[in-house]
Amino acid sequence: MIKRSFIKLTGPRLLCDQVEPDPKKPETIPIPPRLVLLLHEPLDSTRETLIKKGDTVKRGERLFLYKESTEYAVSPVSGTITSIASYTGDFGTIATYFIVERDEKDTPSNGFAEIADTPNLKSADSFLRSLPGAPPLSRFTDPDCKINTLVIEGTDSDLMSTTRQYLLATSKEEIKRGIQILRQMTGVAKIAITVPENASDDLSAEGVQVFKISQVYPKALPQMIMQDHLEIIPVPGATCEDQGVTFMSIEAVISLAKAYAQKEPVFEKVLTVIAKDGTRHRVKAVIGTPLHRIFKQFKLQTNERDRIIVGGPMMGHAAYTLYHPVGPDTDTVQIQDRDAIPYVSDYPCINCGKCVRVCPANVPVNLLVRYLEADLYEEAADNFDLQSCIECGLCSYVCTARIPLFQYIQLGKHQLIELETEANNA
Amino acid sequence: MHKQNKYTVSHAPFWHDGDTVTTLNQNIILAALPAAIFGILKFGAPALGVLALAVSTAMLWELAFNFISKREITIADYDSAAIGLLVGMMLPATAPWWIVLIGTLIAVVMGKMIYGGIGGNPFNPAVVGISVLLVSWNAIFDFDAALLNYEFGFTALAPLGALKHQGVAAMDLFQIKELAMGNQVGSIGTVFGAGIILGGIYLILRGYIRWEISLSYVAGILITAFLFRLVNPDLYASPLFHLFTGYTLLGAFFLAPENSSSPVNLTAMIIYGAMGGVMTILIRNVGSYADGTVFAILLINLINPLIDRIRPQALGKGVNNA
Amino acid sequence: MAQSIAKEFTKGLWAELPPFKLVLGLCPVLAVTQSVENGIGMGLATTFVLICSNFLVSLLRNIIPAKVRIACYIVIIATFVTIVELLMQAYVYELFLKLGIFIPLIVVNCLVLGRSEAFAGKNAPHMAIADGLGMGIGFTLSLGALGAVRESLGAGTILGTPLFGPDFQPFTFMVQAPGAFVCLGLMLCMMNLIGKK
Amino acid sequence: MTDFFVLAISCIFVNNILLAQFLGNCPFLGTSKKMETAVGMSMAVVFVLVMAGIITWMTDTYLLKPLNIEFLRTLSFILVIASLVQFVEMFLKKSIPGLYAGLGIFLPLITTNCAVMGACLINIKEEYTFLQAVVASFTYAIGFGLALVLFAGLRERINIARVPQPLQDTSLGLVTAGIIALSFYAFKGMV
Amino acid sequence: MREMISMVVVLTVLSAFSGGLLATVRSSTQDQIENQVLKFQKAPAIKAILSDVSNDPLQDRFKLTTDGVEDTFFVGKQDGKATSVAFETKGKGFEGAIGLMVGIDLETDTIIGVRVTTHSETPGVGSRAKDDPSFAAQFEGQSLENGFSVKSDDGAIDALSGATITSKGVCIAATKAQELYVKLKPEITNQITNLAN
């Protein structure tokens, strides 16, 4: 993926992909016999779990790890739990995965059906958190956040991905219904939707503001949208929610509409799968489907040392196993050939300044990285704007010395949180 | 359980624009070649000898330092080669071998390696090397004496030396066009102004140097020289004369924009470049040295950390949580 | 007893060798070491002041009230500095000219006041002399060594005797101001290297 | 007026007290690791050097010279400077505590600072008039501060570079100071 | 209170002691110092210039004041008759003032010779003005009707290569000597007659 253009006076201009004009319907992946469900809560080996190996679950049933847990996963099938184990993510974050072995009976759970008549924030949050698109419903119920603006993302924030654009173009009806439900449910004052700049804006009739987003990366990132369209300057170290704005994927809106219409949660997620050679497959797969099932369907070969990228090339993450499941927020999956993987180095920063030119947040990356390398995180935050970074990854993309800058930055932010908790505990 | 492949796991981003330190330095060397080759054609085998010795010894010094400090071998990044080439280009073709040796030693070791290698150096290494040679063996840089044995088809006088000695009358001896085309006496790689500009434009277009620095440096030269001439045309030479003589152009396109010792923010880059140009002319017109480029560049390197604090506010900096 | 005198004496020769280990008194070190002769001359002048002031401070340590001790030290040191100044003018005038302003500046040499404060004010006279002598000789040797490096490279001579052939063109950077800093820095690096082993 | 301007340029750049006259190197190396301390030290030096320049000039002109006891110059100057620093310290502590908090720790350092004593001696050696002595003292101090602050800017960067262990800190600081002194050659011959 | 008194007493006694000591040293070195100044700063130059005189010019000297500046003139005699005079002027060089001793033949009003006395020029560059006899030799026998300048300033003096500024400084000093001599000639003659008596 050598992207350098010959003439480069102004630095790179990366354009987000656009959905094809007349998109095909997605191909459906058969529900696999065994599904992997991820739950964002660490497994404590010293405690007894609520759900145990061998338990049976119904379709749509919520799985809680412990009695007082608030996080839950929803099983898209009925079947038996065959294993529960830990899953390690980025920066040592620990999640838990369940493996559900599907049975043929397909018994539904009627938990949601009972409350589905009157859309209500609290009940929605307690059943629909892991709908495709992962609606951030808890943000509305959180008393610490006073959300007054909801931005629906009809644009894909990373490169290569076109899933949201596809849904925006093809599910107008559901979107309108979903927005109605959301407005009624949350009572939020302002709802906006982001669309690619060349899309037609026939959604404005709904009393929804339409933000036309430039195709240039990273204009579709939440903080960029806040700055460019809401005229709210993101405060370093604060989340968008802290400033009263929440972002929601368009797929979440559609799933909400469908769930209330059929009085049952939906489990089928749309995603774009990109092969090594760049061919795209639009896919519909049940949440929990291991990636190898999808790859098998399209006869996609993966080799030792290839890279499996969940998400886009700038902000996604690399999976270390083909059993990594489709999650509620998995919009894109791509396979990168091992020969196309750019190497990183432990060279020092040579001060070429490309990162500073490219950074949309004006972070002095060239100096910041020196302090991060020296483990001086607090100084990095105080004097070199660590917290202003919006995590677009462009600095790493251009770094002449091939320093994994973005990784250093994420690590720095993580360490800052650790330092803060330490200080608070002391 | 079937066998799992091991996949590459690392952090985003997963793409890269393809630049490396090696390509950067290769391009700098490439851009310097027109002027260097011109010098070889003009001054013959001795010039080739000086350049070859400079490049090779520069790399050897770095290799030796890598060994002694028990660090990874870094010469494959061509950084020392580029430093060596620039040192060589600033020497006259008749420079004795030991001058070349000492020049690259100081440039590479004192200018760069002791600061932890590439990226750490606060001063331009090649300029450190040349300025130490200049204050030690001033006579070597007396280009008239150095090139006494050459027969040229043009005025065989070093323009800046002539300017210092004979005053502004010396300007009449030279035509700007001739100077730009390299028909002048000087060091191997700096006589061919047009070639240096060509290389500079190449580097700018390809994004390998920061154009703001080069252009403001040239602007600083032209404007300051113009102002001096406005005040007293009988005493001071014209802007273009200054531009096409001495190390000016090499300074603007190859020395001042050296990555590690120059600023990266817009305002800072413009102050930095302009200061370099202004100081160069000040030294030539008011100070002791015939050509002040290397000291002017050391001086702007020195102020770089301070002025590079002038930078645009980072996103959200200073905003209160609304 | 004898052993501890020896200890006080030798510590100035390596363990606390000024100006390398204690980075104090740098100005004369940098300014007058263009030649071995200057370096040693400056070193000896400083040694004289060091020994005398150390001795007197130590002798008077029980009489001098704590509050005005620094003032008293300064008077004592300044007195000996002036004596050196006058004696040098009278007997080694040429050297005096070369060292110039740095002779009166011995009075503010952090090393001299530092020894009075840190050592002589708290120890018996014979110990104070040993300390002053050790520090002084260490200082003199350092200045001499630096002078030797700078003179041999920068002028091609040692104590005025040419080292190289007549063709030699000296590395004058070494005897100029910047060379002084660089040379001292590199010598310090050498000391660190040796010290580590 | 132009004379004073030329004197000022000379004292700040051409004959910079640190880099050309070698005076005040201990605080130059000792207080340049952080920009804050460098700025504090610079301000303290400006403050003290101007006052010391004035007082020592008067001492020399109205006391030592008339009495023909110039040989007591070293002794009297150091005493004057030491008491001045004491006095300034007490005064600041009582009257301007804010400034004292900033400069306080640097003041004692200045007593044993060649830059102050040296500049006072140069004033006398060059036979400056009173006004010249004032301008020279002030501009020497400015030159000191300038060099110190620029040096601190560089050192902050050098300190986080991957410098080989034996060179770290003072050793590399000295070499860098050498290159800074070299860069000040730019001003040679300008006045 | 007692502490206060002891502080004052100690400081006073110390200062008095110091002053006394210094005054003693001073008075016992004073003559020697004056001799040294003459011997080292002026004597070599004077001896070199006024080489064939029969007296000791250091002894036969007088002082004249012009515009508040005092200059010392050294008289050279042959067979008891004053034939030449030497005095020092200053010019601005590359690094600072350059002192130039100028010897003048009283009869022909031409320069017998010049020598650089004090300077702080770069060793090996500007310092050649003092060390390289051929540079100073250019002034020998020159008449005192006009000033001096280097060739690049349309003068007659060949500058030292690489040290034009130093060379100019020497020319400035020589020109000053010429001006001074022309102006003071009558007084000088006067003084010489006085000296003879």
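For clarity, chains are labelled A, B, C, D and E in written order, and residue numbers in each chain start from 1.
Just so we're on the same page, a contact is a pair of C-beta atoms (placed from the backbone, for glycine too) under 8 Å apart; a residue touches a chain by one contact, two chains touch by 3 or more.
All figures in this text were calculated on a predicted structure; none of them were measured in a lab.
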Those chains which touch subunit D and also touch subunit A: B
Count of contact steps on the shortest path from subunit A to subunit E: 2
Of the chains shown, whose Cα mean is nearest the mean of all protein Cα atoms? B
Taking each chain's C-alpha mean as its centre, the one farthest from subunit C: A
Between B-C and C-D, the pair with more C-beta contacts: C-D
I'd like the Å distance between the centres of subunit B and subunit D, where a centre is the mean of that chain's Cα atoms. 34
Distance in whole angstrom between the CA centres of subunit A and subunit B is 48
Distance between chain centroids, defined by C-alpha means - subunit A, subunit C (Å): 68
Find every residue in subunit E that makes contact with two or more other chains and list them. 18, 22, 26, 94, 125, 165
In subunit B, the residues touching two or more other chains are 110, 116-117, 119-120, 132, 135, 139, 288
In subunit A, which residues are in touch with two or more of the other chains? 348
Pairs of chains that touch, anyone? A-B, A-D, B-C, B-D, B-E, C-D, C-E, D-E
Would you tell me which residues of subunit C are touching subunit E in their complex? 34, 63-65, 67-68, 71-72, 75-76, 78-79, 82-83, 86-87, 89-91, 93-94, 97, 154-155, 170, 172, 175-176
How about subunit B: which of its residues touch subunit E in the complex? 138-139, 142, 145, 164-166, 288
List of subunit E residues in touch with subunit D within their complex: 18-19, 22, 26, 94, 165
Sites on subunit E touched by subunit C in the complex: 3, 6-7, 10-11, 14-15, 18, 21-22, 25-26, 29, 32-33, 36-37, 39-41, 118, 122-125
Subunit D contacts subunit A in the complex at 157, 160-162
